[in-house]
Structures are given as C-alpha cells and as structure tokens.
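Paired with chain B in one complex and with chain C in the other, chain A is shared by the two complexes that follow.
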Partner chain A sequence: MLKSHVLKAFAVAALFTTALAGPVDAASDKSAFRMIVGEPRYMDPNLAADFAIYVNAQLFQPLARTDKDGNLVLLQAKSIELAPDGRTWKIALNPDYKWSNGQPVTAADWVYSWKRILDPKTGSETASFLSDVENAMDYNKGTLTDAEKVGIKATGEYTFEVVTALPAPQFRAKLALPYLTPVPKAVVEEFGEKWVAPEHMLSNGPYKLVSRVNDQSIVMEANPHYGGQKPAIPRIEMTIASGDQCTAQLRAYEADEIDFTTCVPSQDIARIRGDADLGKQLDPFALAATEWVQFDMRQAPWNDKRVRHALALVIDRQAIVTAVSDGTNRIATTIVPESIPGSNTADALKGSIEDAKKLLADAGFPDGKGLPQFTISTTSTRERPLIAQLLQQMWADNLGIQANINVLEANAFRAWVQTRKTEKYDIMINGWWSDYADPANWFGDLVTADPRQNHFTNEAFAEIVKKADAETDPAKRAELYRQANKILEEEQPMTALQNPTDLWMVKPDVQGLAHEGVLNMYHIGEAAFK
Partner chain B sequence: MLSFLIKRILSAIPTLLIAYTLVFFIAHATPGSPWDSGGNRPIEPSIKAVLDAKYNLDKPLYVQYTSYLWNALRGDFGPSYRDRTQSVNDIVARFLPVSLKLGAAAMLLAVLLGLPLGALAALTRHPAVDGLIRMISTLGISMPTYVVTSILIVSLGVGLGLVPTFGWKGLFTASSLVPIFSLALAPLAAVIRCFRTSMLEVMNLDFVRTARAKGMKPLPIIIHHMGRNALIPAITVAGSYAAYVLVGSFFVESIAGIPGFGRYFVLAIAARDYPVIIGTTLIYAVIVVVINLLVDLSYFLLDPRARLEQGR
Partner chain C sequence: MSVLDLAPPRDAGMVTRLWRFIRHNPALSLALAFLLLVLALALFSSFLPHDAYRQNVLVRNSGPSLKYWLGTDALGRDMVARLAVGARVSLTVAVASTIIAVAIGVLVGTIAAYAGGFIDNAIMRFVDSMYAFPDTLFAILFAALIKGQLGGDASGWMAPLAEAYRLSGGLLGVLLTLGLTGWVTTSRLVRAQVLSLKHAEYVLACRLAGASHWFIIRKHLLPNTLPVILIAVTFVVPNAILLEAGLSFIGVGIDPPTPSWGTMIASGAQSIQSYPHLLVFPALAIGLTLLALNVVGDALRDLLDPAVSASRGAAT
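Moving on, here comes the complex of A and B:
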C-alpha cells in the first residue's frame, strides 16, 4: 500500500522530467553549412587578430590572395601596380564589388579602414602588418598625430596609393592579408564600436551577417551584392564553443550535426585515421609554422654554442611528433619551414649523441656534471606540456642533466614571455605561424624583431637580413635569406622541433572546400553541397 | 521574524564587501593583462597605454577599487574588455537567465526525484531497492560533473543520436536534457541520502507511532508527520546546492555548449576581463546570500520550534 503510493509519486516525477525535456530537434536541411567555431574576440576586421579572422573571412574580403608561387590573385582589386620607385603601390578597385546593402566599396572605405587599424585609439594588434607604410608606426605609437602624413591616400573614387617608407618587396604578400580589408566608413562613424551588430554591419565578401548571439551562434547568408562568384551555399550556421573546441567539434561531427571540423583532438587522431569512413574524411594540411625550444641567449650557460648544440643533438623529434599528433605533424630540423623562400633543410644541425656528450664536456659539464638545474617554461595549451616532459626525459637520459618544468596558463604565459625582455629565463617552448608567405615574416618579424624574447644578436645575420629586406630582385633576395638561414641554424638560438599540421574533417557531401594561403583559410562561399 | 530578516540583510553587507575586496585584488594580481589575450603578436606598449587609459587601468589601484565599487552600487558593473561592444550588465542579462533556467529545472528534478527516492530507500524493506537507490546517490556524489556530461553526450548524443552533442536551443528542447541531468545528479544524490537518513530517524519517534496507533493511513503519516519533520535537513542540503547549480557550472556549460553564466565567468578569468570577473562574482555572492536566507526562512514555515525560539 505504502509502497504503491511512493511508486506513484516516482512515476509522476519521471513523467514530469520527460515532459520538461520536450521533443528531439529534427536535423536541419542541407541549405545551411553548419560548423562550430570559437567565440570571435572581435567581429570588427580592423581588430580581429586571432582565429576570428576565419569567421570574418566569410564576411570581409581583402584586395587579393596569393597563390602557391607567391603571385597575387586579384579579388576586390582590379589592378595592383608597383611604381618604378619601388615604394608606391597603386591600387585600382573593382567597382563590381559592393557592400551588402548595394552601395559601392570606395577607396575612401579602404583608406579609412587601414588608417583606423593604425589609429592608437583603435588599439589593434594588426597594426604591425602595416609597419612598412611610411610614418605608420610613428602614428601608431602616438609620436605623430597627423593621420594625413601616413602613406595611405585615396587618389580617386576607386583608386588609392600606399607608400612604404623603404622599398619593401614583402608588402606585395601583405596586400593579400585577410587582416587588411575595408570597413564601411559611414557606418563605423555613425555607430562606433557597435557597428558590428547584425543590424548595422555591412560586409564586402560573399556573405553578410544575419544574426549573432554572443557565445551562442552566428548566422550568415549570401551577400546579394557580392561582386565575385555568388556562393552556392546560401547560409552558414555557426555554433559557438569555448574551452576544448576540438572535442566539441569532433563529437558534433560524428553525430552529423556539423559539416566541417578544423581540428581533431590529439587523443582521437589514431582512432579517426584507423576508421574506414572517418579516415577518408580527414583532410590534413601542412602549415608553414614551426614549434621550437629556445634558449635565453643572454644567460650562461645558454650563450655557449656548444651547450645549445649538445641539447639540440639529443632531441628525438620523431618521438615528439608521434606523441603529440600520432605522427601527423612533420619533423622540423630547421626553424624556417621548407615552403618559405630562403629556408634550407641542408643547414640542419648534424651529429650523434656521442658528439653531444663531447660538446657538453668541452663546455665544462662532463656527463652533465656542474650544469645547474634549469627550467623549461611552456604554455599549457597545444600539447606543449607533453613536449616539455619529453625534452626533460631526453636530456636526462642522454646527457644526465636535470630540468624542471614550469607550465603557465595561456594568457599568463604570453605576459611572462613579454616580461622576459628584461628578466632572465633558461629555456622555453614557443612557436610561430606564418602570416604571409615571405621570408621577411620569419627572418625579420620573428628573429630580428624578437617578439619571443630569444635575444639572438649576431652582426653578420642582422646585416644580411637588412640587405635582403630591401632587395627587389627575388633571386638575389632568396640567396641572401639562404645565407642568413645558414647562420641561424649554425648558431642554434632556437632548436626546431616540429611543423604542425591542421587536421580538417569534411563531410563527403561537401565539395570545393579548399585550404587557402599560409594561414590555411577556408572559404565556404566557394564550396557546394553535392 | 522581521528583526531576524533585517539582521540577516545587514550582516550580508560586510560579506559582500569582503567578497568584492578579495576578488578585486586577486583579479588584478593575476599575471597577464586584458590586452595579452589576443593572438600571436604582442601589442605595442604605447597601444596598451592607450587602452589602459581608456578603461582607467592607468589609475592607482585604490582609485579603481573605489570607483568600481561606487559604480557597482549604482548598478553599473562596467564594460567588458573581452567584447568591447558589451557591458557587464548586458552580459549578466544575457547569460544569467540561461543558467537560472537550467539550474531551476535541475533543482526541481533533484527535489522531485530525490524526495520520493529517499523516502522509498528509507521505507522499503527490500535490500535490492535500497541498494540501487544508494548506488545512484553514491555515483551522483562521487562522479564529477564533467565526467557525467561527457558520458551522457558520448552515449546519448554521439552513440544513440537522441540528443544534440552541443549547443543551446532553449529549455524545452532536447539540447537541455544533458545539462539538466548533469546538473541535477549531485543535488539529487545529496537529497536522496539526506532525506533517507532523516526519514529513518523520525520513523520510530513517538509522534509517528502515536499517529499510527490512531489508525491514520500510511501516506498522510509519511507526508504530514514524517516527511515534514525530515524535510529540514534535506532543504538545507538542497539550498546549498541550489546556489551553485543556479549560477551555472563551467564544466557542464563548456562541454555541452551552453551560453551560460558559469562558462562566461571562467572565460572572463582567462581573458583577464576584470569588470566581468568582479561583477559576476558579486552577483554570485548575492545569489548565495539570498538562497541561504531563503533556506533559513523556510525553517520558520516547517519547524514550529524555530518560530517559537525567535518569538521569545
């Protein structure tokens, strides 16, 4: 009797729960391309510097793209010409390209946008991409307040000019950067930071923003006024993930909720590759990027080349690549990736473990004795803590030296790296992803500008890079960079470990989704459902 | 009762002030700045200075401390640094309701299932039923929510295709099943255990035996005499869980893709979004204080002795 009452109550509660849950959603139709992305920090193309550029690239389009051989493929530009002075880039726009409300994209929009990037009040990370432009950095740093003096000027309704401070051959590749798009001047001036709201935003690319719910969803639809090839897929539905996006993407992909993933969690790579169906949907792309271990070149014993060489020679790169990516990343023996002009894998450091032991003994640390205990610092993301553990083990086993590991949360690590400008450290793991396919992005932006605080100073190297930066003959330029590469590898301020590989997965009914450029952009507007 | 209420509300003021002070200084002492969380390239120091000035981060810490407090008291919790188009008020208005809805549904589920199951476990003579219920409650207490959520998504979503693996479509859709159940499991287990124990305690007390001797039917005895008395500890436990379930769990919301308050709070910490960290912590603190107050008030309704003591 009593039991039956209790059971009744239980049944009612269970029924209530089921009713609360409601029906399962029906799968959406195939008119929309579905994917999961991280929350874009900025939808404003003048501010977007992280993975938000991949979302923005569906909405905003730059002047051109670079093909595999470094040639410009024009999009929004009708022509791009370099004047005989080697500094003045004359850009004519294609008037067919319009904003998503049908109004023309004018030279005024482009000039306004690029100057807005440089405006210190904007506070944009992307300002460094315009650093070659005359007076750009003075204006950006606030030492020059007159924006008119910056070398970006409209010369007509659909023509504008960019003047670089020095002849800058690498600026050709930068003109195709996805960071350098126009913004609708009138709309930005009217609505300020809120111009990116769906009700205000105008875009010049294949899609327009239809709705955005922060941390929840982004919906885009084909821009009816787009001047290029009209998208075959009329709608994009993005769901926003935070934290471990790769896991969320893979689960949703396997449940057929999305059409495309941009990464696979490292622990799932072997399973996916081994699966007959999923393995075929895997679409790897070798990135022009390198992850390495670097030394504080100002500190003993790391300023001793023999110590750096000894540590570098005992690293088993295959073991690292296998552990972190099931062998899908590639072994990197030199810092500058093979696809970048000026790189040369023949410059890679060579030697045996015996050689390494001898070098360490020559430096005053026989069998590792006397070498003070040191610390390997790393960010907590990208499997880097695992790489640190492997290095720690390899150095202990082969050289008898002891390292501690210091793992820092991503943001704290970035801040820590910046304070290494003045403070000392031992060893850190770091990486660089090509922004544009030009050696200046490596030898100049990475090594000379030293944002990673490696403190590598070598006069011969600096001289060659300076010469190469201003050399307009591509063959001579590449040869100069090859000389610089030789010095870089011989000095070994950084020891290359691996070149990461992006692992996309694309559903079999999607075709034409191509990897574009060194940043591995995707353009849904160029894909179609079978 | 009124004097009790006033006393409790007044004592909440120093609690909130301490919470504000702690979170303010801990947030600012954490290494890294709001401008470090972008992409690959370090930002120019001069640009950082401009941004610092724009958001008053160049002022001495005590000035920031008092000005934020003053604005917060007037209901303005400041801008978000992570998303410059939003204010903290916008964020709370958008994300808190999602967590509140899910949390309320989870608490309802926990109480509606937990009380009958707890009673059943106490009253049944069948060892298998009692054992099963105790197993559920042990699992619920010992399994972390991120494990529960992951297991549910992989089994029900990826494996059986019954629920979406990710995202939020509203409370009355399949997308809320996994988060509600994940959130409900721990409070459910606690309510079961607590209610089972206290039901066992009151089962043989004199007033229950008297009621039985009077010939009352079993269900009214369970509900009016046993249940009502056994409810107080269960409500205390449920109340302490409610505070944490209602504001949203970072793990559940991140794994299941729920745009809720718990997830946003942790993202704000990662981004060093000071106003959001401080604003959300304060709101969290207010919710905890209010729920504790409600739990205490519920004693008055349930327990005549509490009313008596207060009356003296």
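Moving on, here comes the complex of A and C:
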C-alpha cells in the first residue's frame, strides 16, 4: 500500500520534472535572456512614466536616440529636420520599420500616439515632455478641446510635423525620449485599454510581447518584422519581483537565475567589489543625476542665505558617498551635474567650517543657539535615511544644531512632497534624474517648474532662464545657463550631495549590453550570448 | 468543595516560596538572569565604551572584534551600544504600553462583568470585533494613522501632542498604538475572573452589608484578579516587544537615529548576505528576550494558578 503511494509520488514528481525541464533546458543553452523587474504600472507606452519604460523600451522604439555627444542617431525616423523658423520639426519615417504583425508604422500612428499622451482623458504623466508643442498644454489642461489645433500633424503617410510654440532647441533631445513612441492606432481604437494584452498588442521595436501574468512574469520574443538589426537573443523572460528590486535581483543573480541586474544594494557593494569574480561583472555608469538636501525657501530661518550657506559648508560629502555607496557615487558640489551644459563646478559654494560658524552667528544663531529644532524629512528608500543621519550628526557636531528625522515610506513621501506646495516643512532630501541631456531639464523642469517644492524665487535667475530657453545658438545658450548656474549656487536653495552611479552586473557570457542615454536605458535586442 | 476554598487565596510566605521555586527551576533562573542582564544594559548603556549614536564611516560594517564586541553598523556605530539603547526602547515600549493595555483591559473587563446584562453584551461584542482583526494589521493601521496625524504639521489641540511625538522620535506613536490595541485579551481574562468572583459568597455578603459597588470592586474584585493580571502581563509584554519590532521593521515605528531592535533587524535584513552580524545579533537579542519572558511567564502561571500549585504540591 505504502509502496504504491511512493511509486505514485515518484511518477508525479517525474512528470513535473519533465514538464519543468523545458524552460530549464532552454535557459541552460541560453536561448532566453533572464532578468527580474518590478511590476510595471502600465505596459501602455503612452502612460508608462516609471521604471516600466525600461521594460517598454524592448518593445517600443522612439524616433531616434541621443549619442554620447548629444547627436541624434536615427531609429524609426529616416530624417529629422528643423525648418528655418526654428519651430517646425519635419519628421520623415523609415518605412522599413513595421508593427509586429507586419503592418507599416505610419505617420498617423505617431500623431495619434502623441496626441493621446496629451489627451486629458489619458491622464499621462509623460505629457510634460510635449509641453513645448504649440497649444499642447492648453489641450492637456482641457482649456482647448480641439485636438486639431495641437501642433502635431501628419503631412503624408510617412511624414509628420511638430510645431513648437516658441523656438525650442531642447526639443531635439526630447524627440529621442523613450517616452515618445508610436502606438498602433487601429488596435488601440478597437480594444481600448485592453490593447496592451499580449493577444492584441503590436509593437514597433525589436521584441513583441508573448505573455504577461500580472505580478509574475513578462515574456517577449523577437519581432519578426522589426526594421532594424534583428536581435541575436530570441527571447526575454522577465520575472516580476515585489519589494526591494535591488536585493531581489542580486540574490537571483548570485544564484545564477538571471543574467543581468540593474543595481546592487548599498550594503552589498563592498562585498561585490571585493570579490574576484563578481567584481569583474560590475558595470558602473555615472548618471547625470543629483541628490541633494533642500530648504523650505518660504520659511524662516531657511529663507536666510547665511543659514543655508552655514549648513551647506559643514557637509562632508565624502563620508556620505562612502557610507551609502562604498564610494561608487560621486561627490556633487553643484545641483546641475557637470555633464549638463551650463553647469560648472567652479560655481560651487566654498568656505570652511569656521566660515560656517561665523555665518550662523551672523544670522543670529551663535553656536546654533536659538535655532529651533527642525525636521529632516526623507523617503525610506535609496539609503536616504542613512544620509539623513549623517547630516544630522554633521550639523550637530559642527554647528551645535539639533535635527529630528522623519522617514516616510516611498509612496507616502511622494504624496507628502506634493502637499508641501501649500504646507510648510524644514528640510528634505530629494533628487532629480535627467530625462534628457539638456539644461532646460534642470533649470526649467526642475528649478523653475519646482516639482520638488523648493519654492526658490529669484528674478534675475528667472529672467536668464527664460532668455536661455529661447536662445537657438548653443554657445550663447550655454553661457546664459552658466549665469543661471552661478545664481543658483550662490543662493543655495538646495545643497548638492552626490551624483548617483548605476551599478549593473552582467553575466560574463553576455556581450554588447550597452548603457544608452542619460536615462541609462538597456537594449537587450543589441546584446548577444557568447 | 469546602467552604474554606471560597476564601481568597492568601499570599503568606510568598517570598520564600518564590525563592525556592526559582532555585528549583534552572530554566527560570537562566531566564531571569538574562532579563536582568538586558535590563542592566538598558539602564546603564551610557557607561558602555562606545556611544550608540557616534558615527564613524571608516569602520562601518566591521565584524565583531576586541574594540567593537559585536561589530559596527552601516554608519560605523557600535552594535553593543545600539543593542543596549535598543533594549531601552524596546523595554520602555513594552512596559509603558503594557501599563496602558492592562489598565484599559482591567477597566473594561471589570465593568463588563460587574455590570452584566446589556452593558456586558455591548462591551464584549466590541471586544469580539477587536479580536476579529489580526492585531498586527490593526497596529499597522493605527500606527500609520498616528504617524499621519502627528508626524506632519498638527495644529490646535493636537500641536503639543505632535511636538511630543516629534521629540520622542516616533516612540509615543508606538506606545499609543500598542497600548490601545493590546488590551483585548486582558479584558476577557479579567471579565471571566470577575464573573466568577461576583457570585462568591463573601462578595454577596459584602453587598448585603450595604457596601458600594466601588468598595466591592476595590476591596474584593480587583485584588483577586491580580494573578490573572500578572499572567496577562506575561504575554502582553512579549507581544508588545514583537509588535514594536514589526512596526519599526516596516517603517511606521521608531524614526532614526534612535535604535530599536525592530529597526536594527530591518536594516540588518538588507545586509544579510554581506554582513550577517547586523541581523544575527539583534535577532538573537529579541529572540532570547522573548524566550526568557515566556519562561518567566510560564513559571509565574505555575506559581499563581491554584490548580497547578495543588498538583505540584501533591506530587512532591
């Protein structure tokens, strides 16, 4: 009796093993590229604004990408030309690129997609990338209902035009953004929100979606109709992990369950770097991004420049970079990263701890006396609580001032920052990652538009940025932004701490997986197994 | 059953009995010794060689050594000192929240049992509904609410509370949460005890003699629920320590840089692969403390429960 049960169990186990053997074998002879990603909030490229763009980038392709020197490398576009008026971008599509069912990708698809991004009914967070376009924001806010008046229109089957409201040189970089891709008009109109289901979705990039199980997996296979170089890796298997992506990725990577990680948890960096094998698989990429500590510029004592300078001068950035990244992040002395035109580390605030003490005394707080106890608010992720504790001690040791720390869960922190538009705060730790390598993304989208609720207002700064935004001569433009940079650093509404570095790890048998653009995109279609 | 059995138990010779009990119970002795050590560390943490808050990034994440007995954390702070201060936080939370919880529990349980009828029914159905909630979930909800209300910018009558919350580094929120969620079991135990005492003959006699309700509760009911309360304490305290750790682990508890065992475990869990000592020591501290408390609780139950004492007496 028992024996027969045991036999049955063995038989079942054997069945399972053979059933499982399929994918396992497939992985061992490396026909699939395995990785771990977070659950994308949206698979719809018109809506994806978070890390889902990295998943989407394997499926959907923009017109072009920007190379290291800021030049456009054409992908889906055959040509991109700016008319002499400085406002009209004439785009010709490359008809070789087709949807994954073999249908051509037409200008109508592109125009439909971009207007869909702007449509207030879509509610896309990526609409801001098209803010330069004539009437785009009025349409997006709902004050203009006629979509025909938006400056995006098809001029032929494979040509379309985009007209900006003002001459906008930074729009060239935006044309290469991974957020701005086409969607298949006919399919979206037929299936509505369900068009992203694997059985309906069409993509124009190197891969097509084969299956997606919510919170479990995403599988892609090569798009047979892709117009560019056919991918050498025929299949991508993404496993969805919840929670801390870095930890999940590293554990799976070390267990040889995945081929690629996009980050290494702070606590493991030293061990990985010290490991003879794993250390070689590290692939760092310096991001055009900055993390900083910012002051509520509307509140006393933070509206006093001397207080801000005092607090900034006593920060030991090396200690921060060492503690949170084992020294792999870089020290940031200016808010706008060095690689962005207009920024210059020569503009950075300079002074000693003695200067800082004197400044604080001049502001009415000798030895920190009289400065009310304040709160440093931060998100719980990205090692920011560590940064907060380091700052707390640096300020206590050098200036004798006391701070509390308020750690909020990531989503709660995001919501909290939004409410700071009207509510007051003391100090918060925040950051900005370049979307496109242009000063407008920093001086305009970050400082002027103020999504981080810094409340910095300065007439001279605003004047210069306005002038720079419309300047078409790159050299003059960079010079104007440089002036803005000087004001920004002198005023010190935020104090730069570090420029983050992405730490990829790639298995030795994968080659050609390159870092692309300021967003550090990866393109598995361009990689291969050795 | 003789009439004498109905009289309240006397506690004559309690100290000698207790001492003998401890000596004959090695597990209990060990547990008590460990708890005393934790208590001593918590009380005298400032006499330890290192400061729990002093950062030194040059020696961060170092393993146990002669200088740092249990190693250092991600900011180079001494783990022994942090565990000691963490013990202070954990014990403060445990004791204070237990006082709140037991006070509420005793009050609610006594009122329900003594009043009886509709009031008893209403109160106990409410208690049942509290029971239906998983306590961790309830505590998370509550802690998040408190943090949301007091952690931001409160105004009006909330302002001083918010200030206290801020100065306590979130400790106040955890205390309130645990106190206000932990009383349910106590109230049931006390109610059961009071129900059985309510009809005891000496209580009836007292009532016939014209004593007030408050007199009866104070003189006869509360003193006799003491053993039950003590037993309740032995499981409310470990539960509070565990819940505090859980709340801090998921980030609605104590704010940095104040160490608590829960926050230490939370950050240690992230570095399990590279620096296991950051997880192992706080986990051991909390595990051993809970074990010790359970051993003490068990022993206390043996000692106080007349049934167990009687059988023990018969056996020896």
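FYI, the second predicted complex is superposed on the first by the 502 of 530 C-alpha atoms of A that agree within 3 Å, B and C clash if a C-alpha of one lies under 4 Å from a C-alpha of the other, contacts with A are read in each partner's own complex, and residues count from 1 in each chain.
Definition applied: contacts are C-beta pairs under 8 Å (C-beta built on N, C-alpha and C of every residue); 3 or more make two chains touch, one makes a residue touch a chain.
Quantities reported herein were computed from a predicted structural model and do not represent experimental measurements.
Once the two structures are overlaid, the count of chain A residues touched is higher for B than for its counterpart among chain B and chain C.
Judged by the touch definition given at the top, the superposed model places A:Gly123 against chain B, while chain C stays out of reach. In the superposed model, A:Gln418 lies in contact with chain B only, and not with chain C. Of the two partner chains placed around the shared chain by superposition, chain C is the only one that A:Thr375 touches, whereas chain B remains out of contact.
Residue contacts after overlaying the shared chain place A:Ala300 against neither chain B nor chain C.
Within the superposed three-chain model, A:Ala460 lies out of touch with both chain B and chain C [touch as defined at top]. Looking at the shared chain after the overlay, A:Arg251 reaches both chain B and chain C. Touch criterion met: A:Ala388 reaches chain C, while chain B stays clear of it.
Residue contacts after overlaying the shared chain place A:Ala319 against chain C, while chain B stays out of touching range.
In the superposed pair of complexes, A:Glu409 makes contact with chain B and with chain C alike. Once both structures are placed on chain A, chain A residues 244, 247, 251, 254, 408-409, 416 are touched by chain B and, in the other complex, by chain C. By the touch rule above, chain A contacts chain C in their complex via residues 244, 247, 250-251, 254, 265-268, 270-271, 319, 322-323, 373, 375, 380, 385-386, 388-390, 392-393, 404-409, 416, 423-424. Chain C makes touch with chain A in their complex at residues 53, 55, 57, 60-61, 74-76, 151-153, 166-167, 169, 251-252, 255-257, 270-271, 273-275. Listing the residues of chain B that touch chain A in their complex gives 30-33, 35-44, 46-48, 50-51, 54, 82-86, 91, 94-95, 105, 108-109, 112-113, 116-117, 119-120, 123-124, 153-154, 157-158, 161-169, 171-177, 180, 218-219, 222, 254-255, 257, 259, 263-264, 267, 270-272. Taken together, the chain A residues at the contact with chain B in this complex read 1-3, 5-7, 9-10, 13-14, 16-17, 20-25, 36, 39, 41-42, 49-50, 120-121, 123-125, 127-128, 140-142, 193-194, 196-197, 213-217, 239-244, 247-248, 251-252, 254-257, 408-412, 414-418, 432-433, 435, 451.
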